[in-house]
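Please go over the structures that come below.
Both complexes below contain chain A, partnered by chain B and then by chain C.
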Partner chain A sequence: MRAYVIRRLLLLIPTLLGITMVVFLAIQSIPGDPIEAYLGQFYEEELAASLRKQYGLDKPIYVQYVLWLGRLARGDWGKEVLSGLPVLDQIRERLPVSLELIFGAMIVALLVAIPAGITSAVRPYTASDYTATTGAMVGISVPEFFGGILLVLLFSLGLGILPVQGFKPWSQGAGDHLAHMVLPVLTLGLTRGALLTRMVRGCMLEVVGQDYVKTARAKGASEFLVISKHALKNAMIPVITVLGLQVGFLVGGSIVVETIFSVPGLGQYGINAISSRDYPAVMGFILVSSLTFVMANLMVDLAYAFLDPRIRYED
Partner chain B sequence: MLSMLAAALAALALSFGPATDAQAAKRGGTLRIAMEGEAPDLDAVKIGFPLKVYRETLGSGLTIVNENFEIVGDLAKSWEVSEDGRVITFTLHPGGTYHDGTPLDAASVKWNLDLITGETVPKWLQELRKKNPKAPSGNSFASYLNHIEKVAVVDKYTVRVHQKDIGKAQTLDVLGSVFSRLVLVSPKAYDTDIEKFRRHPVLSGPFKFVEWKRNQHLFAERHTGYFDKSLPHVDRIEFYFIPDANQRVNALIAGQIDVVNNLPLPLYETAKKAPGVKVYMGRATNNYAFPYNLQLPQWKDVRVRKAISCYGVERAQIVKTALRGLGQPWNSFSPPGANDALDLTSLCPYDPDKAKKLLAEAGYGPGKPFKFAMTINNSDPAHIEVAQALKSQFAKIGAEMDIRVVDYATWNRAFVAQRKLEITLQNTLSSLNVNSNSHVVYTKSKLDYYNVKDPKLDALIEGWRSTIDPRKQLEASHRIQRYMAEMAYYPVIAAFPFIQATRADVQGFKYLGKLVNDFRGVWLDK
Partner chain C sequence: MKIEPGRQSAQDYASGGGNGYAATGVREPALPRAATPADEEMPFETMLAMIWRNLCRSKTAVFGFIIVTAIVFVALTADIIAPYSYENPAGGSLLPPSLKFPFGTDPLGRDILTRVIYGTRVALYVGLGSITLAVLLGIPLGVCSGYYGGWVDLVVMRVMDLILAFPIFLLAIVIMIILGPSTANVVLALAIVRIPIFARVIRGSVLTVKELDFVSGARSVSATDFRLLFLHILPNCLAPIIVTATVSTAFAILVEANLSFLGLGTQPPTPSWGFDLKQNMTSLSERPFIVIAPGLAIMFTVLGFNLFGDGLRDALDPRTRS
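Right, the complex of A and B next:
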């Protein structure tokens, strides 16, 4: 198990280097000049040239990459072009908000998907199965921006029990904070939950027909024990794979949700950075999003080892 | 004795004058305003929207615009203009301070005006220029006030501004509203640490900066050192950044906020029908223009310009559909809500046959259609609808238009800085008069991004800027508007008003279009 974990961690190094290279080259290939964006109406060729020199933008791309990597390693992620604020400070402030949103959405997704998927699988082609699968289809089909608006109409304007938008930090009271996070988390989580419901249903259907499940039943184990101990654990391996991949979609979905609900997370930061051509901020955003995705997949790999003993004993 | 009595009566009248509203006004509470976005920083000598809203709420200037779109005093109690218009002497209200306690006096006003003209170079810029002599000051007002020759302190509360002949007519406008109202910065705070100032501005307005949380909110509280002790009525103003327009309106309907500062046209009906919401829509001071680049060869031919911008556009149809019937067809540089509007729409009736004929005369026809690309930005949902309507109308006259959509930053760079767009769509800023937006066509301005480059037009604009006689100014304005229409320099589809909405319990709200933001008199009837 330890060797497996160490090997997975070592594999992170080339992966991360690859990410930095792709991020750097992707930003370089975007049409447009950050100095022009910065100067706007004050653009003059001579002034732009002196600023390019000042920011090292006149050097060859590979030199710029190495310099950037060095600064990155020292914790200098650059400053936002427009505001002059350190990018790393902004990311530090926003990342916990996005992680809370993503983590909350994953919990909602699992809370929806596991019971609905299991119910659907153990009673296939019944009313409860049709309800769950129809609900899942609707959930998958409704985009986040539309789902968010529907939830606002219901809970904020209709029932008046949750705020329309906004964010309150924990320091202003847990109740207020959670009230503001409910709708964004639900918006993001329900769509993912719908997708996972179908996944859990499919995997469970496959597993409940296996011999070891039949054996467990034949040995007189209760239905609850059969499903929760024997079937679910095995059905969860592909579900966890999909869950890991869903982190990428959750990062993407958080851009939309954070914009709709004015949640000051990383997604909102990224979209603002992209629309204002703030390259250091864009690079920081993409880098952290990629790292989140890589770390989520690392966790998935480690979870495999926990769920499937064959993986950890291979080493 | 009599004079003392008269003075006492005058003082009494003054204290009761503005109090008609103030008597009814309740003091206290927090006004929550929904904004579409925030500015990269809060440097008060920069221009732009929505920065304008924050700087004008926290700041104060010498003059301001009232509900009748007249220039009235703000920090200036009164002013005198010399007969030739070249000298303006401002008398300030005594007793005011900047937010850091620096006295608001004539010396500080001079410092501020010298900062704009470049006479004063702040310490931070001096340091920066030691490393990079071309380092920009970021001061956007120089283009509007570079006709100021000298500023002199007469006494503690009197300051005198000496000006060149050309430009003297626009000083009060620029100080009061045009493009972006000049607000005063604390010399002490601005001089040394610009980075700190840009995040924590120290101004002199009715509300003092408290906190700015990026992408979340900006809070300000009553400034006790504001010269008018009866204002503002509310204790605190909170701006919330809500980029999604639907959510701004939802938050207003739910009572989570009190004011939507900028209500997009498509949401007008929703807000109007919502219970407990008041919608404000006044004079049409904004133009919806589709400027083309006059330095590109294809647009140099006036016949082409007239075919495209005059006879080839069915304005009424675009107003009815894309603009939800909220604008009015228009074809003049000054919008109908401006004080010097001249309606020239009838000069451009929709006449596709005439447009086709003009294009044919210019050498275009079925075998060689006139082709061009319109680049629009994605900041306003109406842009794409208007662009599509134009495309189909131009197709009827045999012109082929491509539509390209880019983000706002790219658009702004290509349109304003690089001037390389062929044709685009633009919601102009509110205009008080023809001079308000004349910088876009005036060659000597750094911001003449319409690329007209016509000495005759420059001379006409200078004619307006050189006279303070209202009658002559109006004549000059009409000459400018007629000439621009005749040359088809300024393609405009319609004029429309700026729309705002508040909760019904928000009282004393001044609708000033997009010209000025003034929340001093607002109070909450809760």
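Right, the complex of A and C next:
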């Protein structure tokens, strides 16, 4: 187990190098020369050359990459073009909001998927199963932004019990904060929950048919105990893998959801930066979003090894 | 040993290709012998008919197929069935639904129904275009990776892993930043993010198929690598490709809507459901209905491809065949 954890952590190094390389090349390949953009249309070639030298832009691209990595590691992520504020500080302020949204959505997804999937699998091809599978299929097909708008129409404009959009920090009262977070979390969580429901149902169906479940039933264990204690544990293993993959969609979905509900998270920051062509900020956004995904996958892999004693990873 | 037809003795059977039944004079059971060649020599049309029959057995798959057909029909006949122009105002701004404008008009006074009808074109263009491109690029990568193995496999699969190390939607955004927003670039971006999926699926199938006896057989009569790959191995990997492609089309349509919603995809005045929804959302509190039509259009299109893909998976899966 320890060897596996260490190996998995070592595997982070090439992944992180790969990601930074892609982000670096992506920013490099955006059309336009930064020095020309800075100096305007008319400039002296000598001044441009000295500026290039000053910023290290005259060096070969791999040297530039290594220099850039060094700056990243020292916490120098550049400054926003418009405000001049350090990008890293801005991201540090917004990341917790996005993580709260993503984490909340994950819990909503599990709270929906596990009961719905189990009900479906325990009584397959009945009315409750068809309701759950149809609901899941429709849920997968609804884009987050449309789902969000429907929730706004129902809860905000229709029933008038929740705010349409906006954000209140924790410091202004927990109730107000949570009221503003309910719809974004639900929007993101329900769409993901739909896919997980299908997954839980599929895995559960497979496990319920296995011999050890029959044995548990034959021993006279109650149906509740058989499902919750014997079947669920094994069914959850593939579900957790899918949950890990879902984190990627949660990160992506949070960008859209934050835009709809004006939640000042990382996604909204990124989209604003893209529309104002603030490339240091764009870079920070891409880098931190990908890192969130990589770290979440790492946690899922570790949880996986912990949950399933059959997996010992000793090859 | 030279054997003349019709003069095989019991001894020949026993020493050579006999299977025990002939030697004892018992007729060979018809079933196991007849089944294998019939399965291999089944004509293409019969196979299609069988898949079609399996597909029709599921109501949801038929429902999906009907939706997909309807969307294709609407896209092809948009110029005829759309009542107004998608570019120019047809009436006042934000009119409520009426006989003249079944879904009302958008903030710029354009008929929402017309925009939704033309939106099928962008959706299908992106969905089918990007997946075709991804399949065309993913197949050679996956085939070479699986067939040759070694360093080819290592390099190709590590690059694919790198692409998969990013959340798909985020990567699509990054590519759109580099390429600039346009529908054609969405097609390219979605193809790129989808290549690893196809390369992996095909690599997996090739790894299995290349170990089968008929491939060794073809190799033993010195078939070229090219012939082996494209005539013997690839046709046997088609089922997972078709299923993945159908489900990926649904996904691509969904992502295009999302990108356009964020302003990174299709640009106005070209009608895209995602962009229209974003633009109509600004008037949500006055006219809640104006977001419903484009939203439902996305939902049903994606649902159609998802259901159809699910049905195809069951129809093509040999385990569920009767």
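Quick notes
Definition applied: the second predicted complex is superposed on the first by the 282 of 315 C-alpha atoms of A that agree within 3 Å, B and C clash if a C-alpha of one lies under 4 Å from a C-alpha of the other, contacts with A are read in each partner's own complex, and residues count from 1 in each chain.
What we mean here is this: a contact is a pair of C-beta atoms (placed from the backbone, for glycine too) under 8 Å apart; a residue touches a chain by one contact, two chains touch by 3 or more.
All values derive from a computational prediction rather than experimental measurement.
In the superposition on chain A, A:Ser171 makes contact with neither chain B nor chain C.
By the touch criterion stated above, A:Leu157 is placed in contact with chain B and with chain C alike. When the shared chain is aligned, chain C comes close enough to touch A:Ser141, but chain B does not. Using the contact criterion defined above for the overlaid structures, shared-chain residue A:Phe249 touches chain C, although it does not reach chain B. Of the two partner chains placed around the shared chain by superposition, chain B is the only one that A:Asn272 touches, whereas chain C remains out of contact. Looking at the shared chain after the overlay, A:Leu47 reaches chain B, while chain C stays out of its contact range.
By the touch criterion stated above, A:Val282 is placed in contact with chain C alone, chain B being left untouched.
Of the two partner chains placed by the overlay, only chain B lies in contact with A:Ser262; chain C stays clear of it. With both structures placed on the common chain, the touch criterion links A:Ile149 to chain B and to chain C. Across the superposed pair, chain B and chain C both touch chain A at residues 149, 152-153, 157, 164, 259-260, 274-275. Listing the residues of chain A that touch chain C in their complex gives 15, 18-19, 22-23, 26, 29-31, 137-138, 140-146, 149-150, 152-153, 157, 164, 247-249, 251-253, 255-256, 259-260, 270-271, 274-275, 282, 286, 289-290, 293-294. Against chain B, in their complex, chain A makes its touches with residues 32, 36-37, 39-44, 46-47, 50-51, 54, 80, 82-85, 90, 149, 152-153, 156-157, 160, 163-167, 259-262, 264, 268-269, 272, 274-277. Residues of chain B touching chain A in their complex: 40-41, 131-132, 134, 136, 138, 140, 195, 198-199, 213-216, 240-244, 246-247, 250-251, 253-254, 256, 407-410, 412-413, 416-418, 446-447, 449. Considering their complex, residues 60, 162, 165-170, 173-174, 177-178, 180, 250, 254, 257-258, 261-264, 274, 277-278, 281, 284-285, 288, 291, 295, 298-300, 302-303, 306-307 of chain C touch chain A.
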